[in-house]
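Below you'll find the structure I mean.
Lettered A, B, C and D in written order, each chain numbered from 1.
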Amino acid sequence: MDYHLDPALQEPHYALQTHLGFKMVAWEKHFAAFELPLAPFLMNRYGIPHGGIYATMLDTAMGYAGCYTGSPEEVQLAMTLSLTTNFVGRPVGERLVIEARQIGGGRSTFFTEGTVKDETGVLVATGSGTFRYRARK
Amino acid sequence: MDYHLDPALQEPHYALQTHLGFKMVAWEKHFAAFELPLAPFLMNRYGIPHGGIYATMLDTAMGYAGCYTGSPEEVQLAMTLSLTTNFVGRPVGERLVIEARQIGGGRSTFFTEGTVKDETGVLVATGSGTFRYRARK
Amino acid sequence: MDYHLDPALQEPHYALQTHLGFKMVAWEKHFAAFELPLAPFLMNRYGIPHGGIYATMLDTAMGYAGCYTGSPEEVQLAMTLSLTTNFVGRPVGERLVIEARQIGGGRSTFFTEGTVKDETGVLVATGSGTFRYRARK
Amino acid sequence: MDYHLDPALQEPHYALQTHLGFKMVAWEKHFAAFELPLAPFLMNRYGIPHGGIYATMLDTAMGYAGCYTGSPEEVQLAMTLSLTTNFVGRPVGERLVIEARQIGGGRSTFFTEGTVKDETGVLVATGSGTFRYRARK
């Protein structure tokens, strides 16, 4: 997939983002995508990526998917209400590609779904989330 | 709550555990508890703990809650099938306390629920998870 | 458990309630309970209660748990945003007892959790739900 | 969408199916679809379809989506472990169309996702489910 990300919309990386190493690769109305290299520090007790990492990336991408405004001056914020993650497979590649879409919602809440794949296309996890908008800055 | 953790059951910290800084504080049949200091690198775009951290901690504690054997020689492993996290509040303290309980299951799968609070008792998140056992080592 | 239900708060049964046969047995601030006899028409392909019945009862009880006002003149309504149901066991008794509790929330949304047991105490299902308030009538 | 359903695979309606009035309209490998007329007895306290009906239909369609064998002699059964339903919208039509797809899994468990729309295409609910296979008859 060809991703599109307006450089003007890139935000400085926040603390956990730097700590885990993910970056946004696409942001459009109702859609966001991120990538995360599978660094050794993400691994669990079994030497594979910790499931919490998939949940973290789905939560991240889903929140952005519902908050696109198209303008760096108009920042829309949101809070996650509920997030469900399904752990479907195991990555064979070297990085994760996370996509999220807003599938509904209104002025106060929105609904999203997302996928975590590796760069070879293997489906690793899916998720759905419910969010609440916060007042715009 | 008074936690109990048999020192013989303590496992070496794995990679993500070291990277995020959590530790097990209790492990008994059908129960596990962890603590996580709220270090600056856990913070999200808004300067509060990233919701994925709560999901990560619930996933961690829930998996252990269903895998207690009482013996360091008998290691039971499990894979998360599905995890739902509800984001109820915001911590006011300095560390998270995560508790998880196994509430059902059989030979092949088990069910858990858990809470994330801060050390002052504020409820931050709740969750439920479904897991599948892997063959014992 | 001893349930309490103020007769003044009893509402006429609505259509699906009559069709499935459940009734409210308790309603207090942040809590509601219902009962459902396990009639033959609730059974699935395998001759056991359809899982959707558990989800239906959790959704019902959870919604009421967050909408108690104590006054029949002040009716608080809510919409479910997200509901997760975990299918833990199978009933051995003749009716279901469903309990739900509000565990958090604010002016616009609330969080709940609930259990489905049979009258002998067997745990059949658990659930969590996120709801949004509607304007009061 | 053009649905396909081999008449040889049609099963007699079970009890709850008759009571609620839904029917299978498609069944293929990893896919199943159902329809449900919006009869008055499905309505909730507000006069709209009860959310539990969406959960019931998702659970139903998802289970079948993972159990297709192509042969009426070879019946694959499954149990739902966990089901998450997101309540995205409200139907404007006269019947529900429920589609479910298997998105992963192995010999013992499988993962599904599904949608509930009305016949005009309005998205009403989405869901995901985790299932465990039972021994084949």
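Things to note:
We adopt the following convention: a contact is a pair of C-beta atoms (placed from the backbone, for glycine too) under 8 Å apart; a residue touches a chain by one contact, two chains touch by 3 or more.
Predicted model only: the values in this text are computed from it and were never measured.
When the C-beta pairs in contact are tallied for B-C and for B-D, the bigger tally goes to B-C. Centroids built from CA atoms put chain D at 22 Å from chain C. Taking each chain's centre as the mean of its C-alpha atoms, chain B lies 28 Å from chain C. Remark: chain B and chain D have CA centroids separated by 33 Å (rounded to whole angstrom).
Shown for chain D are the residues in touch with two or more other chains, namely 81-82, 84, 86, 111, 128, 130. Taken as a graph of touching chains, this assembly is fully connected, with contact between every pair of chains. Those residues of chain C that touch chain B in the shared complex are 84, 86, 88-89, 103-105, 111, 113, 123, 126-128, 130. For chain B in complex with chain D, the residues that touch the partner chain are 81-82, 84, 108-109, 111, 128, 130, 132. Residues of chain B that touch chain A in their complex: 11, 14-16, 18-19, 40-46, 50-53, 55-57, 59-60, 77, 79-87.
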